[in-house]
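Dropping a structure here in structure tokens format, bear with me for questions.
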Amino acid sequence: MPGKGKVTALDLGPDAALEPDNAAYFNKCMEKLGFVPNVLKAYAFDNAKLRAFIAMADDLMLADSGLSKLEREMIAVAVSAVNHCHYCLTAHGAAVRQRAGNPVMGELIVQNYRAANLPARQKAMLDFTVKLTEAPDRIEETDRQGLRDAGLSDRDIWDIAAVAAFYNMSNRLAAATDMRPNDEYHFMMRQRARAEPVSTPRRRR
Amino acid sequence: MPGKGKVTALDLGPDAALEPDNAAYFNKCMEKLGFVPNVLKAYAFDNAKLRAFIAMADDLMLADSGLSKLEREMIAVAVSAVNHCHYCLTAHGAAVRQRAGNPVMGELIVQNYRAANLPARQKAMLDFTVKLTEAPDRIEETDRQGLRDAGLSDRDIWDIAAVAAFYNMSNRLAAATDMRPNDEYHFMMRQRARAEPVSTPRRRR
Amino acid sequence: MPGKGKVTALDLGPDAALEPDNAAYFNKCMEKLGFVPNVLKAYAFDNAKLRAFIAMADDLMLADSGLSKLEREMIAVAVSAVNHCHYCLTAHGAAVRQRAGNPVMGELIVQNYRAANLPARQKAMLDFTVKLTEAPDRIEETDRQGLRDAGLSDRDIWDIAAVAAFYNMSNRLAAATDMRPNDEYHFMMRQRARAEPVSTPRRRR
Amino acid sequence: MPGKGKVTALDLGPDAALEPDNAAYFNKCMEKLGFVPNVLKAYAFDNAKLRAFIAMADDLMLADSGLSKLEREMIAVAVSAVNHCHYCLTAHGAAVRQRAGNPVMGELIVQNYRAANLPARQKAMLDFTVKLTEAPDRIEETDRQGLRDAGLSDRDIWDIAAVAAFYNMSNRLAAATDMRPNDEYHFMMRQRARAEPVSTPRRRR
Amino acid sequence: MPGKGKVTALDLGPDAALEPDNAAYFNKCMEKLGFVPNVLKAYAFDNAKLRAFIAMADDLMLADSGLSKLEREMIAVAVSAVNHCHYCLTAHGAAVRQRAGNPVMGELIVQNYRAANLPARQKAMLDFTVKLTEAPDRIEETDRQGLRDAGLSDRDIWDIAAVAAFYNMSNRLAAATDMRPNDEYHFMMRQRARAEPVSTPRRRR
Amino acid sequence: MPGKGKVTALDLGPDAALEPDNAAYFNKCMEKLGFVPNVLKAYAFDNAKLRAFIAMADDLMLADSGLSKLEREMIAVAVSAVNHCHYCLTAHGAAVRQRAGNPVMGELIVQNYRAANLPARQKAMLDFTVKLTEAPDRIEETDRQGLRDAGLSDRDIWDIAAVAAFYNMSNRLAAATDMRPNDEYHFMMRQRARAEPVSTPRRRR
């Protein structure tokens, strides 16, 4: 169950009595993570808002997609790096470290994905993500075509767009309310991985 | 029922068979508006995504709030003006014209809300909205306090943030997919209003 | 004759006694438009300034040119969209609607010309216009060559530059003085056109 | 009479036969300056355009105003510094050196007027000028009031706005056409002045 | 001794034979850190350049100063966050975690120092740092006075400026050369600290 | 010996007793230039800081390099133009005039190097310099490859990066402290050169 501490700078009144589906979701978080993510606690003053947020977030990040779950977390972090969002960089940085099984990868995307020597598909995916974040009005057909040329389908493009757009939303809700991540995220998957190092410089062609 | 024309630049495959709640929602749109908004048609390839979008949008724009429905539409348009979003400026520009009962007001917010001689509460609301849109990482406690000083409650601040954040999402989904508004919006509430004109210059103090 | 209301936030003293050429011009406006555009009323405190503004504006927008009058209005609006100029978006948005005979086209250029599916010549023309507006110091020979490659002559390039530059001037005079457009512009050419719809998404290549 | 060299990157065809008023103006330039400014040669392909440019420029820079001629040149240079306009920084940088009788002053405004230890009136004037150049859509009544508080009248505000706006136009015409200044400007008023040095650091308060 | 792997994307030829002072410095690094920081290996192709870099860096970060060593590392990270510098965020992020004895603090400064609830002195210090990084031409006497008002001396201001300026240099050298941090930094001071948590939201006033 | 006047807005206490190497350097400046550059006077409160600055600056600007000394000064000025640094534009603008033997060249780089019709190698060098100054996080391998394609070696790329980075540092130290250049720079190499004029417009291809 969510603890006592405030998770935003706003005084939104007492939490609502969680309705059964929301309560079940909180319980599932406790079982799987050992805590309820603070963003859910922040929404807990209103069952309808909490339900809508969970439904959209879970669909985007966990439903079937041509994008892997790691790729969707990479998009979340790339958006949040542009927006310098403390909450999302912490929570989704941890998710990238975990899903990649590589504690350095999360740092790379948090800091500057351009240094991560990503495969062309993922580089194109994050270049689009960052342009969509910084200058949505500049997106043109050539940008979509660039994704297709990198092997992404039109359904993949929708999913890239939808995930990138969603974190442009949640970054701003977090910023506006000074939302705080659970401290637990900072300590997840920090041990040295066995995987080969990723942080070598891009080779000269 | 949604027509045949493509509403985005993406080929997302055939629409899903609408599940009963989604089908009912489309029917309600036909009854009330005479058309189904294209954003809903765009989502119609997937019932879960469509349902989540409807739930969140309706809660934000129609549920009880300290913000009037007109104020929420003004926020939507102010965000979309920063992002130069053709879809949202068209659809929500029409909504501002209608809810304000004033065809000039929508144009003012589409073009530059700073010219609209808004009351202090709404000016503060849109100043916060635009800062949150352009530079979410710069929001500090002084920005929230500015809203409180203009008479807005902490719950109102949440609602401003949530609506502004949502349109930062939907603007980007529209931009990424080249989503097209229904032509009908352009022609709504264009007749001259009886209300006193709003477009006089700000008086010198 | 111009009415009584203030058209800017500045107190510039009484209007000058209009000299014959300026008075004739105001009369011509009344005959053709039914009103004197507020920008002219704003300049009416000084005959020399008014005369110089009229001479330059009329030459740019009405004299012989390789650019059509509609194209020149499109440039005016594209500049004003970058600068979020309430006056010029209102007045020249109406002009695009009228000269295009299409009420949707004006909205598209006001909101984001990149969504307007323009022919290559006009797309190149507005891309140059926007770069010249946002970052004049970045214009290089490749930018001019891009216009030539799209079929524009060197004289056309001068005219694009001169019109775009002029609205960068008048946008700023309007912003600095809080200049107000005549309400009439809002209601011009708002009826549905017979022309085929322009707002379909860009086709996938 | 203007020489043979090209003054822009555009091929605008042969110069027009100058009509008497324009020819007289060119002659006056030769007498007073020893050369015809290249911007006028650039316009010489069309008598009407040349005449309109001369009328507006001379009114703004030379007519009666609450702003001194030096102040108007400072505005021209401050705008051109933001826009990195080679033509205008060269021509109007020379004008500031001459009108100030101080060869260091021109450099200061070209480089960064904030380092020039200007009196409050001129600092306010250039702060407004730069904001109007960079972000015209952000000008609000408080900006105008700031000028009034620094002792400037509403007529002065018009003149600041009109001059700043004009150089936002001419900077862009110069950038779009790669217009070249006369070399003579570089060598004007470069000798050491008798006046006390201006380039001491701002004193600590 | 430095290993074999490339640390930048440039082929700078073989390392120089380290001269005694530089060799001694590398040995000291091995003793204290267990590795030679890659930035030093990058410079190892030239003894003079390496020596000059070490002299400046060590003076700035380790010599006597009114700023604590932690504060100087915070400045380094705040600059690097603006510039999204993978090398410096990794190396100096680790340094902040270590000098603060708090693994969360480093993340906060890497992500967005505005979320760190810093004491007024350090908040003022980093606000100045970020303005100096983003817009050095906008620094005015009021900015320096703001630091004095927060209790910083003129010597402290020099040191803030010098450290912030230095990381604006080293960030760019790292970016230009694709410089790679030693992997060891990622794993330093990641264990949970005993200190009270810092990541609570800013209290409402 | 340095004079009495303050060279920054900071009160850093009395100058240190210059240690022999620093004193010798000041003497060398007096012999060669007739004055001690103010940046060195600014550093004179601390022998270690002064020594480190001299060592790095002299290595970068005077040591052997594939870049000519003029090219290194051009980089210094191109960086300083982006940052609008009064100190460095004055001092290094003079250096470009002198090393080029051409008083117009310095002005061109101060104002906008894109107008200077530079050979491809130097154009590529300054394009990289400006991108590294404005957006270091956007530098990718294609940018380095662009320099190689223009004939620059990897060692040259290091030197471009190191000089550009250094002036990003010194610009910011100057801005933060309101550092003032020696007046002498303004008057150096202002006479008309014999060399052919450089300021002709870029030819149409």
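Here the chain labels run A, B, C, D, E and F in written order, and each chain numbers its own residues starting at 1.
Rule of thumb we're sticking to: a contact is a pair of C-beta atoms (placed from the backbone, for glycine too) under 8 Å apart; a residue touches a chain by one contact, two chains touch by 3 or more.
The model shown is predicted, which means the values in this text are computed figures rather than measured ones.
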{"item": "If a chain touches subunit D and subunit E alike, it appears here", "value": "B, F"}
{"item": "Duplicate of the D-F contact set - from A-E, D-E or A-C, the pair where over half of the pairs recur", "value": "A-E"}
{"item": "Label of the chain whose CA centroid is most distant from the centroid of subunit C", "value": "E"}
{"item": "Interface with more contacting C-beta pairs, comparing B-D to C-D", "value": "C-D"}
{"item": "Where subunit C and subunit E are represented by their mean Cα positions, the distance between them in whole Å", "value": "50"}
{"item": "Distance from subunit E to subunit B - Cα centre to Cα centre, in angstrom", "value": "43"}
{"item": "Geometric centre distance via CA averages, subunit B-subunit A, whole Å", "value": "24"}
{"item": "Euclidean distance of C-alpha centroids - subunit B vs subunit C, Å", "value": "27"}
{"item": "Residues of subunit A engaged with two or more neighbouring chains", "value": "9-11, 84-85, 112, 137, 141, 144, 178, 202, 204"}
{"item": "Pairwise touch network: line, ring, star, complete, or other", "value": "other"}
{"item": "Chains touching one another, given as label pairs in label order", "value": "A-B, A-C, A-E, A-F, B-C, B-D, B-E, C-D, C-F, D-E, D-F, E-F"}
{"item": "Touching residues (chain side subunit C, partner subunit D) in the complex", "value": "9-13, 48-49, 51-53, 55-56, 59, 63, 83-85, 128, 132-133, 136-137, 139, 141, 144, 154-155, 157-158, 160-162, 164-166, 168-173, 175-178"}
{"item": "Sites on subunit A touched by subunit F in the complex", "value": "112, 114, 202, 204-205"}
{"item": "Residue ranges of subunit E touching subunit A (in the complex, touch as defined)", "value": "5-11, 81, 84-86, 89-90, 103-104, 107-108, 110-112, 115, 178-181, 183, 186-187, 190-192, 197, 199-204"}
{"item": "Footprint of subunit B on subunit D - complex, ascending", "value": "137-138, 140-141, 144-145"}
